[in-house]
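You will see two complexes here that share chain A, one where it goes with chain B and one where it goes with chain C.
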Partner chain A sequence: MAGLGYLIRRLATGIPLILGVTFISFLLMVYFGPDLSFELVGKNPTAEQIAAARAQLGYDQPFWVRYAAYLHEMVTFDFGRSVSTGQPVRGLLADAVPVSLALTLPGFVLGNLLGIALALLAAWHRGRWLDRSIMAFSVIGMSISFLIIIIVFQLLFSSRYGLNFFPVRGWDMSSPGAYLYYVTVPTLAIVFVSLGYNTRFYRAVFVEEVGRDHVRTARAFGAGAGIILWKYVLKNSLIPIITRVMFSIPSIVIAGSLLIESYFGIPGAGKLTFDAVTTGDQPVLKAVVSLTALMFVVVLIINDLLYRAVDPRVALT
Partner chain B sequence: MKLRLFLALSASFLLAMAAACSRPGVDSEVKRYRHSDDGVPTNIDPLQAATVYSNQIVVSVYDTLYRYKYLARPYVLVPNLAAGMPEISDDGLTYTITLKPGVRFIDDEAFPDGKGREVTAHDVVYSLKRHFDPARVSQGRWLWDRKIEGLNQWMDAGADYDAAVPGLLAVDDHTVRVRLVKPFPQFMNTLAQGFAAIVPHEAVTAYGEGLGTRAVGSGPWKLERYTREQVRLVRNPDFRKEPLDLAYEGYDAALHGHLGIAHLDGKPSPFVDELWIDFIQESAARWASFTSGREIQMSGLPVEQTDIVLASKDPVALKPEYAQRYHLDTGPEAGLVFTVFNMADPDIGNVPDPQRNAMNRALRCAMRDAFDWQQRNDRFYSGLGEVFPGVIPPLLAEFDATLSRDSVTHNPERARARLAEAGWTAENLPTLDYGLVASVLGREMAEEFRGYMAAVGIPPEKINIKSYATFGDYNRALRTSELPIMGYGWGLDYPDAENVLQLFYGPNAAPGSNAANYRNPAYDALYEQSSVMLPSAARSEIYRQMNQMLIDDCVGILSLSRRRIALWHRDVLGLPDRQILGGFWLRFVDVK
Partner chain C sequence: MTAPLLSIEDLDLRFASDRGELHALHGVSLTVGEGEIVGLVGESGCGKSITAAAVMGLLPMPPARIAGGRIVYKGQDLLTLSDRAMRRIRGPEIAMIFQEPMTALNPVFTIGSQMSDVLCRHQRLSRRAARLKAIDWLNRVGIADAGARIDAFPHQLSGGMRQRVMIAMALSCRPRLLIADEPTTALDVTIQAQVLELMRTLVREEGVAMLLITHDLGVVAETCDRVHVMYCGRVVEQATTRALFAAPRHPYTRGLLECLPRIDGAAIGGRLPTIPGTVPELSKLPPGCAFAPRCPQVQADCEQAPPPVRALQADHLAACLHPVSAS
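Entry: the complex of A and B
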């Protein structure tokens, strides 16, 4: 019962957050976004044709009327059709979000698992050559632009100048084989670029944990490295790990990875969002902003519940 | 521990090998042609076929009444869905067009029984009327605006599709009669554009705005899949079986022998089963995809690859290692880039005061003299562009190669003299905004422009670079006359100089395409005179006079045509050409 009350309270506190995010985003869309009316009327429009196009796009309506309409769309989750392609926005998202998820999830999971493993190693061997080597690798990974990594990986794995094993572009999930074929190089790129950040972050967490009294005591009792790292260090570091992982989820589901999707020609949500920003496709943007805000609220709640699950001392108030 | 590590590494290696070997199966029975484009067709409804990317899809899946010959250059119109060339009345106002009988739309759920019905003259009338339906946004309406008798009135009266338009009638199922308000020699060219593609009303009723991403036409291809990354077309099995007549299409063994298409003569197109078109805006990825063999033709050579791939630029030739693998086609683009001044801006344009008017003209001419076209060409177009005076580009038959090149010759001394003579000093010069779409390239071009001006005594702070986040915002600035100096580009809609000369016709001033707001009664009179004339020496002479007026009035810094370089693998048999809002060549392509 207390849990239900907590859930309702958190959902209620999420409403101002959603309103704030949507209001600021809509303000930016309306006053700083591209004006499509001149795009849609062809090469020699009259002033009347431009006015008609503005009316069709709703630009002639006062801001508050448009924002109220946006809120109504959000409640019904019916954002109409994309201004660019005429496709229903719901359908566009339904097509794009699973693709982004399938694209980024393997890299996200591998990047975090490898990051945690390397960070544990580095923390355990703190100050020694292994720690320094892992940290040097992390800094290199963090220093190279994602764009460069993508282009180099494409040249290395997908061009006649390299192995030419994988496709440069495209996406197919019709079979596990096809999925593996298309997801491998993007996944490698995601892992490479995220590994440095993840390793550094997790190492900092683990180093602090390794220095605690109970770890020293366990060592004194002759516990092995595996037991200590797994049972005492990792388990006690779950709060920051959960925070990092959970807060990455909305961007994985909704934002995808713009660069990966652009350069590998993958029809995911990141590319959809970027195209909507550059073309001023407000129905798509409104849907993406709403969905992202909503996901953050849900993630915050799940995050709190997970804190409580891994650490009973945390109270849900 | 070591065993676990070994197992983990082995598993990873095996997984990677499995991924590399899991290339989706290729059906050897399917003949597939694949190419990449550098832009995306955001909407393939014929109402929105405004870009080369949309247009090539639209003319592949829909029929147009006319099309351009495959190989003949300059471009020549020929019947497509029309049975022949139109009967044109002596006054040039009435066009009677007969349709080929028995042409059918593809089978689609939009039709009552799912079976495509015959394409009739009523569909042609309906498709043109759609552009004038106030409930729909059309980018092609301007082509026929106030040109077809009764069509604008039909729009103003509420666009009742059952109401007849006197100038746009289906005489019977296979005959369309169009009556123009005044002669419009380019009318037939407009009927070869994607805007004029023929759409069944059933599809519009069934899918509405959904036609932006699906197609129900009668063209040689059927749309199988549309995404913003790729379009897949499959052969329309019911497309009319018309044998390819290479001689009729302009085949010249000397020019086209190397294309390997001679064996296609007499066979009905299309020659491949599938067309896959990838849209890859990032040039590095596009090049990698092309060279890996995934695409077998690409839309254009990226500028950054020019020096790597070309052995020479004049004439354009590939290095041997590339020539072994690829075909090359090159020529001036069907369009131009230039800079115009806002003639309605009192700081630089026409003003009632004769003295200030003369000063402003001197300023414009000085800026033109200060501009170094050759350097612009070398720095930004790999030296491959063609600089020419005026606005009639080299691709057009009306291009005058004998025109003086004085207006495109870098002449900083004369620029300084003009400024001094007119009384301009660094202090009294107006501050002028130079607009650009925010990008590194745009910024570099603007800074180069500022550098040219500084070299003749126009201080950099007098050229204020105004950046717009997107092309849409920049377009709005052009249409609302916000800017005194504007970079401009124009792709030809049809191969007739009228299409560029209308850019300076007074009544087309902003928000129309005359962003320069040039209003010259003598120019307008010549334009109106020539706009009803068929191609002739007399019309070319009028065009020449209009072109000269633009040069003499220093309306802008005119002009450069970029060079188009198309590459395709030697396995592809055909001549790619997407110019003039084209795409008809896709029905004739073959692969080995």
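Entry: the complex of A and C
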């Protein structure tokens, strides 16, 4: 079983990656993060009160002991309770991650599909007016700040200055109708922001592929633009497409979209992470960091397996 | 005389570039009759591949621009056809084989899938029938164990086998004309001979006309009925292979032939002659005959204007004011 051996080897090489990431992040949290003991003690505390607070937070332990405890937490995936809210970290993540996923996934998928379609068109008509206009709109889209887009879209769709139909704040995915009601405007904003970047990236990939000899062969054998683009060019370009999509997945799951979540008041993982960073909520941060590292390892493996699936020349070693 | 299958008439082709418009073809004329094997010979950059690409409608326009001339195939001017109509020409009427067998096939599809795509497109076969036909053609081009090899990816085949696959793919469309652009240049010498022999046999068996583009006069001598010699975007000499090799009339052709090692010649043990000088750049062509700066018998009038193509004998044309004598 070459495949199984490969999988085990890859997982083993993932361990140093996870250790490295968690070690550096933990170092930063401990020595450069906020010190929460000042929030636990009152005004003018005695030295004993401070020491008690530090002991309660575990600050009195040596760094290596704390890092070992972190590793233990990671293996059991039990990071205790959030310092700020007192809720179990696992529950917080279990609530926030699905929300972020549901919030950003439609925009991510649509943004990529539309980007690929526009990029194919642009690459086929390279140098002609269609290509030039698509690229011009991409640059315009890329140049507008995400903040402005969110605000403008809220004005357009959710205020009395515009459609005034969709909500400005809140989240509900108890029913498909409610989900659609809350997800539409954020999705439009995400698509608008990502489309320019996606189109530019994919166009570069497709332009290179369209110039290859095998595309000329296909044309010389009477293939039309449709089959050349959707079959030959797309399949040959799958490796960069897969790479881009796969590497976006950890950030979609963990980070969500902080700006969207804060502007629309949506309780997602982005907001959870941001709050943990600003308040120095170490249990939550530790969970987020390890989850991200773990996901990158898994994504890298899936990425390589997908390479093998789409390109027969790739060998798994 | 019946009308030829393909006749390129006075084709004038230019490329837009940073340094202004480059004049790639200066009125190229060329004919290929039914079932005839015609060679198009010249050094790299003389415009022979561009001529082929123009026939297939494969030139990117822009930057390419056809400024004049016609490409008449079976009585219709290919340059006036719509893209849709042109797609029905490519494959079932005119098929093409390329120089680079390494990259001309699609790396992520099996050769069977690529061959079947072409067969399904042009002959409206079912996937199953197309596969059987593809296996049949792989057998005909001499690929052993074709039933298994059909599911191979291009990178699993050698260069010679890939070129055989290209030939099978091209001929399976049952074209009337096969354009082969340096089909053996990228192959090992021993494989070259085999592939050339295979092409010649199949083309004769199928009664397909072939336009063979090459820089190798040896290949021409072995394969072609008639030859066109190109230099700097012009056809400078045209004759039957026999006549051209026996008595070249254009000094350029003679120069090329003298560069060939001969088994009986005095050159054995000595140095092979070369044509002095280099091919002028497209943007800096001389006003007169493009070969004048390198020509051993250049005269004053050669540098005035490009010499017209003249018939020196029946079926022997040359663009030279002072042709080499026929004796």
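By our rule, the second predicted complex is superposed on the first by the 313 of 317 C-alpha atoms of A that agree within 3 Å, B and C clash if a C-alpha of one lies under 4 Å from a C-alpha of the other, contacts with A are read in each partner's own complex, and residues count from 1 in each chain.
The criterion applied here is as follows: contacts are C-beta pairs under 8 Å (C-beta built on N, C-alpha and C of every residue); 3 or more make two chains touch, one makes a residue touch a chain.
Keep in mind that this is a model prediction, so the values were computed, not measured.
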Based on the superposed arrangement around chain A, label chain B with chain C as either clash or fit.
fit
Check the residue A:His125 against both partner chains and state whether it touches chain B (first), chain C (second), both, or neither.
neither
Could you say whether A:Pro312 touches chain B, chain C, both of them, or neither, answering first, second, both or neither?
second
For A:Leu36, is the partner it touches chain B (first), chain C (second), both, or none of the two (neither)?
first
When the two structures are overlaid on chain A, which partner does A:Arg90 contact: first (chain B), second (chain C), both, or neither?
neither
Thinking of the overlay built on chain A, is A:Thr217 touched by chain B (first), by chain C (second), by both, or by neither?
second
Per-residue contact with chain A, leading partner among chain C and chain B:
B
Contact-wise, after the overlay, does A:Arg10 reach chain B, chain C, both or neither (first, second, both, neither)?
neither
Just to be sure I read the superposition right, which of the two partners does A:Gln56 touch: chain B = first, chain C = second, or both, or neither?
first
Upon superposition of the two complexes, what minimum C-alpha distance (Å) separates chain B from chain C?
15
What residues on chain A touch chain B, complex-wise?
32, 34-47, 49-50, 52-53, 56, 81-82, 84-87, 151, 154-155, 158-161, 163-172, 174-178, 180-181, 183-184, 262-267, 271-272, 275, 278-280
Considering only the defined contacts, which chain A positions touch chain C in the complex?
127, 212-214, 216-224, 227, 232, 235-236, 310-313
Report the residues of chain C in contact with chain A in the complex, numbered from low to high.
56, 58, 62, 87-92, 95-96, 98, 100, 103-109, 117-118, 121-122, 153, 155, 166, 169-170, 173
Residues on chain B engaged by chain A in the complex (per definition of touch):
15-16, 18-20, 22-24, 40, 42-43, 45, 48, 50, 134, 137-143, 145, 208-213, 227-230, 278-282, 284-285, 288-289, 291-294, 469-473, 475-476, 479, 493, 502, 508, 511-513
